[in-house]
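First chain A sits with chain B, and in the next complex the same chain sits with chain C.
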Partner chain A sequence: MPNIHPLVIFFASIFTSNMVFSNFLGMCSFISVSKEIPTAAGLGIAVTFVLSITTVLNYLVYHYIMVPFGLEYLQYIVFILVIAAFVQLLEMIMERYMEQLYYALGIFLPLITVNCAILGVSLFMVIRNYTFMQSLFFGVGSGLGWLLAILSMAGIRSRIKEANLPAGLRGPGITLIITGIMAMAFIGFSGIVQIS
Partner chain B sequence: MANKKLNVKAIFKNGLFADNPVIFQIIGICSALAVTNLMMNSLIMGLALVFVTGLSSFTVSLLKDRTPAHIRMLVQVLIISAYVIIVNIFLQAYMPAMSKALGPYVGLIITNCIIMGRAEAYAISNPPVASLLDGMAAGLGYTAVLLAIAFVRELLGFGTLFGIPVLPESATAWTLMIMPPGAFFVLSIYIWIARSKRIKQEAAQEKGGQR
Partner chain C sequence: METILITVAVITVIAAILALLLSLADKYIADYGDVELTINANEPLTVSAGNSLLSTLRDEKIFIPSACGGKGTCGYCKVKVLEGGGPILATEKSLVTAEEAANGVRLSCQLKVKNNIHIEIPEELFNVREFEAEVIGDDHVTKTIKRMRFKLPADLDFNFKPGQYVQLKAPPYEGSDEEVYRAYSIASSAGDHGHLELLIGYTGGIATTYVHQHLKQGDTVDINGPYGDFYYQDGDSDILLVAAGTGMAPIISILHHMRDNNIQRKARFFFGAKTPDDLFMTDELKQFEKDLYDFKYLPTLSRVTDDMAWDGDRGRVNVSIEKYVEDGGNYTAYLCGSPQMIDSIVESLHQKHIPDEAIFFDKF
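Right, the complex of A and B next:
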């Protein structure tokens, strides 16, 4: 088990090993839902929330059910089921008790199940042998990092909406180029803390 | 299937060019970006995806009449994960180094939207064999783009192709290419070229149609 302080992991997962800029996770929704700030913020918050909780759930399931029974090879199926079940449950709870929030986030919730950042964080957690606290901070930090990434992208994209771009570059093309430039900027953080 | 002839050529043309999942639909790009720093990684990843997409489309199509509509997605995810587990175990057994290099991205094939997309868009309403081919075509389209990206990144970043030195010693390695930004830039340039070409084609067709 790596001996890294959970807080270090927290900051590293926001800045130096950001889910989008250094691990390329959750790119599909990052590109398609980053046109406007409010929707981006909605999805980002939902991802942060689901990510924080599913990482912890998957940690518990992995270490207390799968490892004792020697079922590690089933991790993919189990993790994705835990995520899908949690999102489904969250959807039902929100529909019942937090109607406003449900309608605000409505369309994003099903999208989250197939957001690879969620599954990715759980898999990284297993590969890197994190402890419980490390996993918790890793989950929350990765979620916040993803939120930061999609918010800043939405901010930039709402500014360049009217820009006169070559037709072939509009939409995903320019988004990827901006992501590349942002990724370069984020490399600048790598001197601060490092996890791998 | 008797009255409708299986149009293999059209399916492959669609998957590889006209409807290429990575370039035109911008799906499944997480792994496309992550594993393309080396040609070998991209090739293995691409083959794994061809295997999983093809067989999961096949299975989804086989079971389509027996799957209740409201748990359709769940069934599809289960089918896909089963094949991904096979791929993972295979890699761990026969190519442990590759398995380590690809890391979590093998598992992330499950959330690769290409597979789910083909299952939803094609396999759910088409016969098994056609679905198998359609899935494989989409997978090959993905592989082709991955190799194209990896070609540029590995050549400029390490000066090698498939690990074999190609560029002379004097060439400076362009480290940025093997770092994350390189992936974003190379893919966006491909998208730019492909889309501009398509826009030009469409404009030409419209002109021809009006005449």
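Right, the complex of A and C next:
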């Protein structure tokens, strides 16, 4: 078990090991939902929420069910089951109690289920042998990192909306290029801490 | 062996717990209680919320046309929502134009009923029924057209106007894994409440393949209807009936209606086909000539050659109209056939100075 303070993991997963910019995970929804700040913020918050909770749930399931039975090799399928069920549940709750957000996210909500950043965090947690506290902070931090990434992208995209771009670059094209540049900028943080 | 058993057991338990959680959530969180559904300013109905508007209406025995079974792809299930529909959803936008959306038009299969809701639907839809009909006849009237006769459930109160259509459901079968609804005009008499007849031509499509190759006597099939605003209109003008192929169906229904009600109007039926083999139900039509007040069946063939036994009219239906229809007469015309055919007939009728208001058609 690496002896890293959970808070270090927390900040590292926001900046130096950002899911989007250093692992390029969760790109599909990152690109499709980053056009407007409000929807991006909504999805970012939803991802943060789902990530934090599923990481904890998956930690518990992994260490208290799968390890004792020697079923570690089933982590993929079980993690996916847990995530899928949780997103379903969240969708119902949002539809009922946070209607505005529900309509804003609309068809993007189910995207969270297949957002690989979410599965990725659970798997990293296992590979890196994190403790419960470390996993919790890692989950929340990665979520916030993802939120930060999509928010900054939405900010940039809403600015360049009026820009006179070559037709072929509009939309996903320019988004990917910006992502690359942002990733390079985030490398600037990488000397501060390392968690993997 | 033990590993396998443990694996299966653990996965099953996890999946079961998750499923249980989800069903509990479905029961408690997704339970929206009862809301009021107001249709066309009638007395509000109390319905349980949480389902799509389409299925809520269906539970109330009000059937909105739906060809894709609620998947949001056919666009048939449009309904005008005056109040309580919530914002339009991303899944509706491809089928609802901006103008329709501004008028409150929504896809009823996508909209979830969660609050009191006020909608507007055409009165005729209150007549629509859904039922299981038993096949009691399936003769080929030409090589490609079958005349399907169905027995309706005894307690069904099914009323339609001659000319209207129903939707028939083709369930999944070998070679097709989706359920589809297709529209067919009713060919039988509106006065015969126990039976229904459809003329179904084989086109190789999902539904016609089902009917031609899988549906047999004694089978039952789901039908809903009636729909459509193409039907016989009361009046005293002379009547022109024009059809090709299975477009014959609504015309036959109109003729039945005229016979059943002893309607004394002059009527001419121009039927367009290619060769003598494409003509069908000739005996029935001859019988109508005898029974009706002043009716003539005037088939015309476009591809007859000299070696075929044919002494009737030749050429396209437009030629017959040119020949038999008097200019500026007092006519009401009913046309049923392909869009191209109808467009060209409408043009011929315009040349005879028959106004648009007197021309009704059903394009398929």
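Convention: the second predicted complex is superposed on the first by the 181 of 196 C-alpha atoms of A that agree within 3 Å, B and C clash if a C-alpha of one lies under 4 Å from a C-alpha of the other, contacts with A are read in each partner's own complex, and residues count from 1 in each chain.
In this text, contacts are C-beta pairs under 8 Å (C-beta built on N, C-alpha and C of every residue); 3 or more make two chains touch, one makes a residue touch a chain.
Note that the coordinates shown come from a computational prediction; the quantities given were computed from them, not determined experimentally.
Contacts of A:Val67 after superposition on the shared chain: neither chain B nor chain C is touched. When the two complexes are overlaid on their common chain A, residue A:Ile192 makes contact with neither chain B nor chain C. Once chain A of one complex is fitted onto chain A of the other, the partner contacts of A:Ile80 are limited to chain B, with no touch recorded for chain C.
Of the two partner chains placed by superposition, only chain B is touched by A:Pro172; chain C is not.
More chain A residues lie in contact with B than with the other chain of the pair chain B and chain C. In the superposition on chain A, no contact is made by A:Met98 with either chain B or chain C.
Of the two partner chains placed by superposition, A:Ile160 touches none, neither chain B nor chain C. In the superposed model, A:Leu89 lies in contact with chain C only, and not with chain B. In the superposition on chain A, A:Gly180 makes contact with chain B only, while chain C stays out of contact range.
Looking at chain A, you'll find residues 74, 77, 81 touch chain B in one structure and chain C in the other. Remark: chain A residues 61, 65-66, 69-71, 74, 77-78, 81-82, 85, 88-89, 92-93, 95-96, 99, 103, 106-107 touch chain C in the complex. Against chain B, the residues of chain A that register as touching in their complex are 21-28, 31-32, 73-77, 79-81, 84, 114-116, 118-120, 123-124, 127, 166-169, 172-174, 176-177, 179-181, 183-184, 187. Residues of chain C touching chain A in their complex: 3, 6-7, 10-11, 14-15, 18-19, 21-22, 25-26, 29-30, 32, 86-87, 89-91, 112. For chain B in complex with chain A, the touching residues are 26-31, 33-34, 74, 77-78, 81-82, 84-85, 88-89, 103-104, 107-108, 110-113, 116, 176, 179-185, 187-188, 191-199.
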